[in-house]
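There are two complexes below, and they share chain A, which is joined by chain B in the first and by chain C in the second.
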Partner chain A sequence: MATATKIRAQGVDVFYGETQAIRNVSIDILANAVTAFIGPSGCGKSTFLRCLNRMNDTIDICRVKGEITLDGQDIHAREVDPVQLRARVGMVFQKPNPFPKSIYDNVAYGPRIHGLAATKADLDGIVEGSLRRAAIWNEVKDRLAEPGTGLSGGQQQRLCIARAIATAPEVLLMDEPCSALDPIATAQIEELIDELRESYSVVIVTHSMQQAARVSQKTAFFHLGSMLEYGDTAKVFTNPDHEKTQAYITGRFG
Partner chain B sequence: MIGYLFLLILVAAIAGYVVNRQAARSQAFGSGARFHSLPGFHGAYALLLTGLPAFLFVLVWLTFEGPIVDAVVMASLPAEGVAGLDAGKLSLIEAEVKSIAAGNVFGEPEPWKFAAAEYYTSLRGTFRAALWISVLLVCGIGLYIARRRVAADFRARHRVEEITSWIMIACAGVAILVTAGIIASLIYESVRFFERVPVAEFLFGLNWEPQIPLREDQIAGAGAFGWLPVFLGTIVITVVALVVAVPIGLLSAIYLNEFASARVRSIGKPVLEILAGVPTVVYGFFAILVVAPAIRGAGAAAGIDVSPNTALAAGGVMGIMLIPFISSFADDALSAVPRSLRDGSLALGATRGETMTKVLFPAAIPGIVGGVLLAVSRAIGETMIVVMAAGLIATLTINPLDSVTTVTVQIVTLLIGDSEFDNPKTLAAFALGLMLFIVTLALNVLALRVVRKYRELYD
Partner chain C sequence: MSETAIAHSVDWNEPARLRGIARRHRRDLRLKAIGAGALGLAALMLLILVGSLVYNGALAFQQTHVTLEFEISADHVDPAKPEAGNYRAITRDAVFRLFPDVTGRTQQRDLANLISNGVQYDLRDRVVADPSLIGSTLTLDVLVSDPYDQLAKGAIDRATPAENRRLGDAEIAWFDRLDAEGRISKPLNLGLILNADSRFPEQAGLAGALWGSFYALMVCFLLSFPIGIAAAVYLEEFAPKNRLTDLIEININNLAAVPSVVFGLLALAVFLGWFGLPRSSPLVGGMTLALMTLPTIIIATRAAVKAVPPSIREAALGVGASKHQVVLDHVLPLAMPGILTGTIIGMAQALGETAPLLLIGMNAFITQAPDSVMSPATALPTQIFIWADSPERGFVSRTSAAICVLLVFLIAMNSLAVLLRKRFERRW
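And now, the complex of A and B:
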């Protein structure tokens, strides 16, 4: 397993107005690995995830303090354009959110705005490749012109994953990507996450212990805005350092 | 007097509510039986049963009281006074008797008129007393029935819900009936117009000169009733208004919705909405005193001949009037686009501008189109600004620097001054009104269909 650090966060605090949502979180997220964020609802895992591609910038009252680096570069530095950062750090949301456009246009959206394709053939190639990697190509290849909103929930979420990987990001953030899906679609997406690990650094927020154990190599446990524990998934799930982690994993609170 | 009567009904209804609720409560607690409906519903049942029939009774009574009293009084007049008089004279006598009864005596009426007035007054008094007694009776019966029915298994809640739904149906029916009445009167008068002027001439004629003589000695035009130049004027002014309102309205909505800071938005939006509260008369002043001279001056400076009342001035000011309309519709439509779409686009590395033009705006199009079409309806129906700022002469032109007239302006001028409702000049106003109604109705239906067709696209 590769062990290079992709994202390093040090002493990150996040405030919503006066309320502090994240307290002093420091974490090294590895390249070519899946990192799972677990913890009870409202513990700040999604908020922290949104710091990593500066999506919190779009919320007026949200302030982020501390240092986050991507490949050693501070993402809050003046010369970093959040728009370009988000092209490198893609995101998949909890609820599938395909645009009210055709399936093709959904996937082609990112490559078009970033000018990744020189010709129509290039774009076709990117779209097909992304849909194939998201394991949905066979289901939609004959109806690329139909609206993406007409797909089933699981297909929509895989379409959103295809849309996210079409911009060729280096990191993929997934905020509870399976919470709206049935077990079959969940299994397909977990399989997909495992494949994506070869080329990306994947961070996934999940409420399912089994999912975290199945797909991730590293696990971070969040509680009340702090990160209590971070380590190899095998260790966190079998021999956690913190009693709260143990209690949460075994279902005694949460 | 009638006001006190309604007050009496209200008090009786409230009393019924209190009495019945109390009865239901004491029965429920006294017997320990499980009541189907809460005491409040038994109370509400009594309220409806006491108040509603009495209220309807009063309305029906008042509708028939006047005509019946009049008929009885007129029938009692001595034969020597009314023999051989026609309907007009009779109604004059009726009015005189009533004014004597009210204490206004003009000249020296015959004594039998005084007697009739006295009879009229006493008859009215009797009717009123009867009304009061009947209302008390109706209220009492209603309350008695409701009170008798208080029991554990009486389904007061169902009955109350049933009656309430009928009240709601009646209210909805009023709106529909009024609409139907308006349409019927428009069609009736229009048919009378088309009896005098052929439909084909009205619909396809290219001349509009409706100022025909009302009296023999008046000097006026021969009359021509082709509505096309008038309608074309309306279209020219509407197009000018939309050319002003749509871009400004949409861009201000986009700015306020997506790019403005919370502070700018909190100031900008109310200020924009003040524009919607300006009376159209004031817009009219603005058009004739500021905009029209400015356009004329600019035209003169550029060497273009500009008429004093231009379609450009009227349409431009109407466009300003429509800005808040379009911008608030567009703002609502943009706000209704789910935040997840916006986040999804931003997370792909799209800028705010790209997100707006490629995702939010297309998703909001149905709402925006609906708003624009409603704005078109308003522009077509707008009267005051065009009466003040547009011209009166119907010219078949699409030049916005010319003076044009609109359908609404013509309706106003046709009905101003001497008018007789049996000549084509005045009746033409109704035909124009009917056409206006049809055009705006069609646009509204179109707007609703557009909104409905695309509404669920992003759900």
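And now, the complex of A and C:
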């Protein structure tokens, strides 16, 4: 397992207007590993996830304090363009949200706007490669021109993953990617996440303890805006340091 | 727990309760009946409106013509200068020849009034276009003047005592003789669409108003569509939410409710007064209508932009799209059906708007269709206004006919809105 730190957050506070949503969170997210954020609803895990690619910038009343670095570079630094950052730190959302465009255009959109493909053939290659990595190529290769919104929920989510990896990100953030899917589609996505770990640093927010245990190497437990515990998944699930963690993973609250 | 259950035990078959249910059903029925009644009343009113318009306007869709032989002799027209010929004499002769028994100045003057005053000019145009006609006899169906047209259509009642009638007994006898000879015809009135306005109802048409409305709406669309969308997108996507933008928002909503005549006054002061733009021109008309249409388009666009699901915005931001890419690639295409619907409804409103156009002089009497946005013109609603104000009988039916034409355009535009919306929705 790799041990290089990909993202380091130090003393991060997040405010929505007057309300503090995140309190003093510090975490090192490793490269080539899956990190799971768990915790009861409203504990701030999604909010913290959205800090990592500055998605919270798009919410007017949201303020982020503290330092977050990607490969040692402060992502809030003046010279960092949030738009470019989001191409490097891809995101998959809770609800599958393909663009109402063709399957091909869904995947090709990111590479197009960042000018990643010089020719049509290059772009075709990127689209095919991304769809293959997202394990959906065989299902859609004959209907790339059809709208992405016509796919089933699980297929849509894999299409969204293909779209996210088409810009060759270094980190992939996933905000409860399986919450709208049935168990079969969930299994496919989980398998996919495990494969993606080889090339990306994956951060996943999940409400499913089993899922966190299955796919992640590292687990962080959030409660009321604070991160109470962070460590190897095996340790967190079998021998947590904190009694709240113990209570949550055994289903006594949350 | 069990105690409360007992306390709340209910006999559902108790007579008072059953009566209550019956009462509730009656109320449901009553509400339904009131709704259906209101709808029926509205439908009835619409039927009466359209019915009376079509009934009155139907007369104007036909125009009475009389077949006459015109001798274009060199006595009246000099081949060297065909435009200076005495065409009035030619047309008079053509009528007098049919009634050799009518002599005397007064009677002949009345007889000459049988055909429209415009016939001589029509004849002149033909001869100027083709001078070889000089020396020949031309057989033409020409317009009869308005009173005879009304007589032919039955709008002048022969039972009315002669002194109260627009036409005397002798005049009616002349017309009947022509009719018996088979010289009278009532073809479809293409002049209603092809002619410009005229003092003489039998010659008056909507060409000037149609072109004026077309040019004005073009100007209105070209101004209000891009400006409206740009303003709405800025307010919705870029503007910070503060007191200033709140104030702007309130004002835009209020502008949509400002009486249109106020926009006319504004245009009069600014466009005509300060900028010195030509009065009565479709350019100024279009600019004025654009002022009125802008709030409608801004409000429709903002609603459509707001209705685009946030998940699509997040998806685009998530792959690293910048703000303008999110707006241009995703938000606007998705909002387009709503924007188009709002725009076309705004344009349809503009097409029917009268008051502001009256203030900038688009109710002038103009006998030529405009050839650019700068030349003076009327618009459909102002033309209706002018005709409704005219005393001649012929304008009564023409007013209704013009309203029918306006309604046809409004229906066409609304159908276009539906069509465009369907088309754009299918693309996704």
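As a working rule, the second predicted complex is superposed on the first by the 254 of 254 C-alpha atoms of A that agree within 3 Å, B and C clash if a C-alpha of one lies under 4 Å from a C-alpha of the other, contacts with A are read in each partner's own complex, and residues count from 1 in each chain.
Keep in mind that, in the parts below, a residue touches a chain if its C-beta (ideal position, glycine included) is under 8 Å from a C-beta of that chain, and two chains touch if they have at least 3 such contacts.
Remember, it's a predicted structure, so these values are computed and weren't measured experimentally.
Chemist: Do chain B and chain C fit side by side on chain A after the overlay, or clash?
Modeler: Overlaying the two complexes on chain A (C-alpha atoms) leaves chain C and chain B clashing.
Chemist: For A:V83, decide between first (touching chain B), second (touching chain C), both and neither.
Modeler: A:V83 contacts both chain B and chain C.
Chemist: Name the contact category of A:S226: first (chain B only), second (chain C only), both, or neither.
Modeler: A:S226 sits against neither chain B nor chain C.
Chemist: Touching A:P147 in the superposition: chain B (first), chain C (second), both, neither?
Modeler: Both chain B and chain C are touched by A:P147.
Chemist: Once the shared chain is lined up, is A:Q246 touching chain B (first), chain C (second), both, or neither of them?
Modeler: neither
Chemist: Would you sort A:C160 into first (chain B), second (chain C), both or neither based on which partner it touches?
Modeler: Once the two structures are laid over each other on A, A:C160 reaches both partners.
Chemist: Once the two structures are fitted together, what part of chain A is touched by chain B and by chain C alike?
Modeler: Residues 53, 55, 58, 60, 83-88, 90-91, 93, 95, 97-101, 109-110, 113-114, 147, 149, 160, 163-164, 167, which sit in both footprints.
Chemist: For chain C, which residues count as touching chain A in their complex?
Modeler: Those residues of chain C that touch chain A are 240-241, 309, 311-322, 325, 329-330, 334, 428.
Chemist: Which stretch or stretches of chain A touch chain B in the complex?
Modeler: Those residues of chain A that touch chain B are 53, 55, 58, 60, 83-88, 90-91, 93, 95, 97-101, 109-110, 113-114, 147, 149, 160, 163-164, 167.
Chemist: Considering only the defined contacts, which chain A positions touch chain C in the complex?
Modeler: 53, 55, 58, 60, 83-88, 90-93, 95, 97-101, 109-110, 113-114, 147, 149, 160, 163-164, 166-167
Chemist: Which residues of chain B touch chain A once you look at their complex with the stated criterion?
Modeler: 261-262, 338, 340-351, 354, 358-359, 362-363, 457-459
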